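Next up, some structures in C-alpha cells.
In what comes next, chain A is part of two complexes: it sits with chain B in the first one and with chain C in the second one.
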Partner chain A sequence: MTTIADELTIERRGHAGSASRRRTNFVIFLGPAIVLTILFFIVPVIIDIAVSFTDLSRSLHISEFTTEQYAKVFRTDRRLSQVIGLTFIYVFGTLAIFNVTFGLILAITTTAIRNVSGSFFRGVWLLPRMSPSVLYILLWLWAVSPTEAGLVNQVLMQAFGLDAPLDLLTSAPIALIIISNGFIGASMGMIIFTAAIRGIPEHLFHAAAVDGAGTFAKIRFITLPALRWPISFVTIYQTLSLLVSFEYILLLTKGGPFYDTTVYALYVYRRAFESGQYGYGAALALFLIVIGVVVALIGWRFFDMERLLQRPRIEVH
Partner chain B sequence: MAKIEFRNVVKRFGAIEVIPEMNLVIEDGEFVALLGPSGCGKSTSLFMLAGIYLPSGGELLFDGHVVNEVEARDRNVGIVFQSYALYPHMSVRDNILFPLRFKKTPRDEAFARVKAAADLVRVAELLERRPSELSGGQQQRVALARALVKEPQLLLLDEPLSNLDASLRLSMRTEIKSLHEQLGVTTVLVTHDQIEATTMADRIICMRAGRIEQVGTPDDLYLRPSSLFVAGFIGSPPINLIAGEAEAGTVTVNGARFPLEGGASGSVTVGLRPEHLRFGETGFAGRIAQIEPMGREILYVVETGMGAVRVLEQGSSAGHSTGEQVMIGFLPENSLVFETARQKLIAGAHVRAPE
Partner chain C sequence: MIHWKIGTAALLSAALAVGSAAFLAATPLFAQETVKLELWSRQDPSGPLRPGNVVKAAERLNKELEAEGSSKRVEVVVRESPAKGFDDDALQLLKVFGIGEGPDIFIAAHEWICAFQEDGFVLKLDDYIAKYPQHFGTIFPSLWSSAKCPDGTYAIPQDAEARMFFYNKKLLREAGYDAAFVDAMPERALSGDLTMDEVLEIAKQVVDKTKAPYGVLHRPNKGPDYIMVFQAYGSNFVDPQTGKLLLERDKLAAAFGWFERGVKEKVIPANNTAMEFDTLRKEFYTGNAAFWMYGIWDLGSVAFPTYGLPQDEKAFFADWGWIAGPAPQKGGAPVSLTHPIVYAIAADTKEPELAVRLLGHASAADLNTDHAVTTTHLGIKAEQLEDPRYVKAWPLARATELLKITKFLPNNSQFGELNGIIFAGIQGIESGRLSAQQAADFVIEEASATLEDVIVK
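Right after this comes the complex of A and B.
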C-alpha cells in the first residue's frame, strides 16, 4: 500500500523528469531569490560582523583587529542605557497606544458603521502610509512649528486663547515621535483587524444579541477572542519594525534635542555616519539584531504563537 | 411562555420587500413550523421574532405587547441557528452559561441551571470541551441547551437539523418534539424540509415569496392543500399535476375523460398523489417507463396519454416490469381539483377514474 507521501514523490518525479531537469528548475525558480538573499542579507551581516571587530573609522583605514567595540557596547558607552530606555518607551508606547489599541478601535468602529463610511475612514487613515515620508514629516514640522503659524499653535492660540506659541519639538519630543509614527503604524493593525472582524461569522453576533449581550459585551466576548491571533501577530511584527525604523524620527527631530529622541536604530546611524565610528556602529547594529531576535522569541512564547498557528481560528461550518 | 402575533408585519431590506404583509397568530405553547423554499421569508420572520431584524412596518406582539422596538437581548427568546453558532473560544459550559451572565443570575443558581440544561439534552459529560471538539449532533445539543437555559418564553429553531446526517436527524426530530412536550415552550421551527415540518409541528405555516400560502395542521396541508404550490411542496414523491378542461361534469385530458364530482368549469389541474394511485383492472392506461425501488415501496414512472405519472406501490405488489402496459385507478375522494388560472383548490370537487 502506498502512502500519500509516496504518491506525491512519484508524481513529482514524473513531472520533473530527469535529475538534470530538476537541477535546471532549481536554478530557474530558486536561483534569483537565493542570489538576492545572499547579496543583500547574508553578505551584509558577514561584513557587519567583520567590521565590528575592527577600528574602522572615517579614514577608512583598518589598523588592527580588536574587540574594543564590544567593550564599548557593554561597558564604556554611558549613553547606551539611556538610548535603550528611550527605545523601550518609543516601541511599546507606539505599539500600545497606536499600532494595536488605536488600530483595534479603528477596525471595530469602521466595521460597525455603514460600509461606505467605514471604507472612507479607513482610506483616510491609510493616507499617511501612502504619502512619501519626507512629505509626511514636512506636514508635521508645519503642524508643530514653534511659531504662531504652526497648526497646533494656531488652534491653541485662536480657539483656546493661549498667549505664547508652544515649542513642542523641544518640550514634548518623545510624545511627538510616538504620535507621528503611531498615525502611520495604526493603519496596518486596522487593516489586519478589519479583515479578521469581517471573517467572524455573523450568526455569532446574532446569537450573542439574543443571549443578552450589548455592544461592549459583543466586542469583549466575540470580537476580541477572534482577534487573538491578529493581535499577537501585529504586536510581534510591529515591535520588530519599530525597533529598526528611524527615518521619521531622523526627519522630524534629527534625534534631538541633544539625544532626547535618539532611539537605538538612530543611535547606530548617528554613531556610524555622523561620528564616523563605523566599527562601533557595526557592533551596535549586531547587538540590535540580537535584541530583535530575543524580543521576537519572547513574543512568540508570550502569545503562544505556535499553538495559535496550528489551531483553526474560527470554526467553519 | 408567550402568545405571538404578527399584525400586518412588513419587512424590507432597502428597496426589496421580503415580506409584503404577514398576519399570523401562534398560540401559547404551540409548536409551529414555517415551511417553504429558500428565499420565501421564513428565516426573516424568525429573525424578526428574535429581534435580530426589526419589522419595517406593522406590529409584532408577544402576549399582547408590541415588541417591534424591543431589542433582541430584552426579548427572552432562545434560538438555535442552522450553524449552531457556538462561541468557538469558550468551553461548552461557558457557552451554556453565556445567556445567564447577562441576567445577573447568582453563581450557584447559574451553575445548577447549566447542569440541568446540559442534563436535559444529555451533554453533561462534555461541559469542559471546546465546540471544535464536538460532533455535529453534540454541537446541536449544546446549542439547544444554551437556548433553553434562560427559560425562554419563545424557542426559535432555524433549520436545526439540516447539518445532521440522516439517522441523527431522525432521532433529534423525536428529541426536540419530546423536549417541547416536556417544557411546553412556544416553539417556532423554520425548515425547508416538509417531513421535518409535518413530523414535528402542531401547525404548519407554508410560505412562498414572503406570503403565507396556507396555515394548517399537517393533515390539512396534505389532504386539503389550498393551492397548487402547497400541493406540490407537501408530499414525497411529489404529487402528479395533470392539466385538463372541465365541462359539463367531465374533465377532459388529452382525450381521456374523467367524470367530475362537484362544480368546476374551464381550465383545471387535477392533483393525484403517487401513493393514492393503484395498478388495477380499470382506470387510465399507461406503460411503465421506469422503476425506482425505495425499499419498502417502489416508485413507478408510467408514460400515459397525459404525460409521465408517478405511482407509488407497496413492495409486496412487485412483479411489474418496464415496458408493461398497466391500468391506473384511484379513489375519487383522494383526487384534488384546482382552478388553473388562480392556482386555488376547488373545495369539494373530485374526479373519478375513467371506467
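Right after this comes the complex of A and C.
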C-alpha cells in the first residue's frame, strides 16, 4: 500500500527524469546548431568588434588598440554618405521592383496558366539562381557590352535603328545592378508566393467567381490577403540579403564607374581587401551588422511578424 | 703456414683499404644537405622566366657549391600566386608574411618593396651586393634606385621596360598628316617640341576624319602607365626631402585636365575604364584608335603574335611607331616610365647567403636576355646590349632610347594605395562624375583621410 507521500516522491522522480531527458534532448538536437551559430555568427561579430578597435594593417600587424577607425568613419570618410544613399536606392529599388513585385507577378501569372507552362516559366526564371554567379555575369557583360556586339545594342541597332551603340555600364550602372540582382532575387519570391497561392483553398476562387468577381478582384481580395505573411518574410529576408551581398556588383561593374555602384558591403570589401585597411574595414562592417539588426527589428515590428510565429489558437486534427 | 698468414693479412688489409676508400668517397654524398628555398611568384604570362631563371640558377649554384666542396645543394620550390596584378600580389604576400608563412625569395613590383621593408619582412642587401660584384656589379646603376628604400637597397632589379604612347601612322596619314610629320613625332616628343595637347589634337583629327572611333586609349585598371601623364605635368608624388607622399593640387589638376579635355573632345572614350584590356588592345591593333598608352612588352606579348603586326623593324615602323610621353608645353620635358620588377629575399630566411648567390646567378646576362627577348622586356646589364639575340630584338634596342628620360614610380610604401585613388579620379573624370579640379580635390581628400603622412601643397 502506497501512501500519498510515496506517490509524490515517485511523481517527483518522474519529473526529474523527464527534465534530465529534456536537457539531454536539448543538447543532442539543438547543441550542434547552437555551436555552429556561435562559431559562424557570434564569434565573427566579436572578432570584428575586436579588430575594429585596432590598427590592423595590410601585413596583419596590430601595433595599438585605438578608436581611430571610428573617428575616420564619422569625421574623415567623405564617400560614406554617398555610399549609404546608393545602398538605400539599390536595396529599396531591387526589393520593390523585383524581389517582391516582380516575384509576385511571376507567381500569380505562372499559377494562373496551365500547370505545365507555369512550371516551365518558373524553371526559366530559376535558371539565373542555379547558374554560377560568374557565368551569369559574363552573360550580362556580353548583353550590355558597349560595342555593336552587345546583345542589347544588337537589338536596338538592328530592330530599332539606333545609330550608335549604348554604353549602359557607364550611363545607367545603378539600373543595371538593380536589374541583374533583381532577376535572381525575383525567383525566390516567386517560389514562396507560388507555394502560398497553391495553399489557398480552391473553393474561395469558385465562390468569388459565382459572386461575379473578375481576375483582379480575385487577386485583390483573395490572393493578396493570403500572401501577407510570405510578402513580409520575403521583404525582411531579401532586405538583409541585399544589404550584405555584392558579388554580382563586383563582377559586373567593380563598383564603378567611379563609386557609382559601390554599395556599402562592397565599400567595406574595397577598403579592407583592396586597400589593406582591415581595421577600418572591420569598423565599417560593424555598422553593417548594426544596420542589419535594426532593419530586421523594424521589419519585425512593421510587419507584425510576432503574430506569424504565434501558436495557432485552434488545433486542427 | 707463415705464407698463408701473410697472404690472409695482406688480403684483409687490401679489403680494408678499398672499403675505407669507398666509404670516404661516399661520405660527402651521405652528408649532402639540400636547402629548399621557396620562391613566391605571381602566375604571370608576361614573364614566366622571372621564376624560371631562378630555378635554372639553382643548377649553376649547385655546380659552384660542388666545386667549392660544399655539402649544401639548393632546391628552388616555386609557390605561384594567382593574383591578377602585382598590386594584388603584394597585398597577398604582405598577409602571408604577416602570419609567418612567407617565402625565402619573392618577386614583386619595385614600388612595393618599401612596404615589405617597413614591416621588416625583407633583407637589406647592400653588403651582399658589394660582396658579389661578379653577379651584381654590371647592373645599370640607374636601376638600383628602383630597389632602394630610405636606408638602403632591399631588392635586385630583374628587368626594366619602357612605357610610351604607341601610335598608328596609317590612321594619322589618313587624317591628313603628311608622312614627314608622322615620322618626326618621336624626335619631336623627345626634344619637347610635341606637347600633350597636340597629341589630343592629332587624335581628334583621326576621330573626325577617319573611321577610327577612338583617339587615345589607356589601361582600364590601376597601373603605372597613366602616372606618366602626371609626371609630365610635374607630379612626382614624393617629397625629396622627407620621402613622404606629396600631392600638389595644381599639378594634379593639370594632369587630370588632360584626361578631361580628352573626354570632352571625344578622343578618350568615357568608358575606357569599363572596357576589357583585350578589347582595348584589339581596338588599337586593328586600326580603331590613334594612340595606345602602354609598354614595350606589349609588342612581343600581344601585338606580334595575336594581331600580326610586322615583326620586321622597317615594316613595323612604316605603319606603327611610338613616342615618349610628350611635354606639357613646348620646350618642356618629355617623360617615359619604367617599372622594374625586382627579386627580394625574406629577412628571416635561414640561408641568406645562398639566396643572394642564387639570385646572382638568376641575374646572369644570358638568363636575363632569355627573359628579355622572349617577353620584350629591357635587360638589366650593359653586356646584354651586345648579345646578338638582344641586338636582333630591335624593339628592345629602340626602346632603350627612352631610358635617357625615364622615371620610376616612387618607392613609397603607400604609393600602391595612392595609385588606386588616382585611378578612381581618372575614372571619375572620364565617366563625367568629376571635373579636373574636383578630381584633384578628391585625390587629396581621399589620400589625406586614408593614408598617413601625406604632404599637401
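Rule of thumb we're sticking to: the second predicted complex is superposed on the first by the 271 of 317 C-alpha atoms of A that agree within 3 Å, B and C clash if a C-alpha of one lies under 4 Å from a C-alpha of the other, contacts with A are read in each partner's own complex, and residues count from 1 in each chain.
Criterion: a contact is a pair of C-beta atoms (placed from the backbone, for glycine too) under 8 Å apart; a residue touches a chain by one contact, two chains touch by 3 or more.
Nothing here was measured: the structure is a model prediction, and the numbers come from that model.
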Report for A:Leu151: first if it touches chain B alone, second if chain C alone, otherwise both or neither.
neither
Looking at the overlay, what does A:Met130 touch: chain B (first), chain C (second), both, or neither?
neither
With both complexes superposed on chain A, which partner does A:Ile34 reach: first (chain B), second (chain C), both or neither?
neither
Once the structures are superposed on A, label A:Ile298 by its partner contacts, choosing first (chain B), second (chain C), both or neither.
neither
Thinking of the overlay built on chain A, is A:Ile46 touched by chain B (first), by chain C (second), by both, or by neither?
neither
After the superposition on A, what does A:Ile113 contact: first (chain B), second (chain C), both or neither?
neither
Can you list the residues of chain A that touch chain B in one structure and chain C in the other?
none
Interface with chain C, chain A side, in the complex: residues 58-61, 72, 76-79, 146-147, 167, 169-170, 253, 256-260, 273-277, 280
Applying the document's contact rule, which stretches of chain B touch chain A when the two form their complex?
47, 50-52, 71-73, 75, 77-79, 81-90, 98-99, 101-103, 131-132, 146, 150, 163
Residue ranges of chain A touching chain B (in the complex, touch as defined):
201, 203-204, 206-214, 217, 221-222, 225-226, 228, 312, 314-315, 317
So in the complex, which bits of chain C are touching chain A?
91, 94-95, 97-99, 115, 119, 121, 270-271, 273-275, 279, 417, 420, 424, 427-428, 430-431, 433-434, 445-446, 448-450
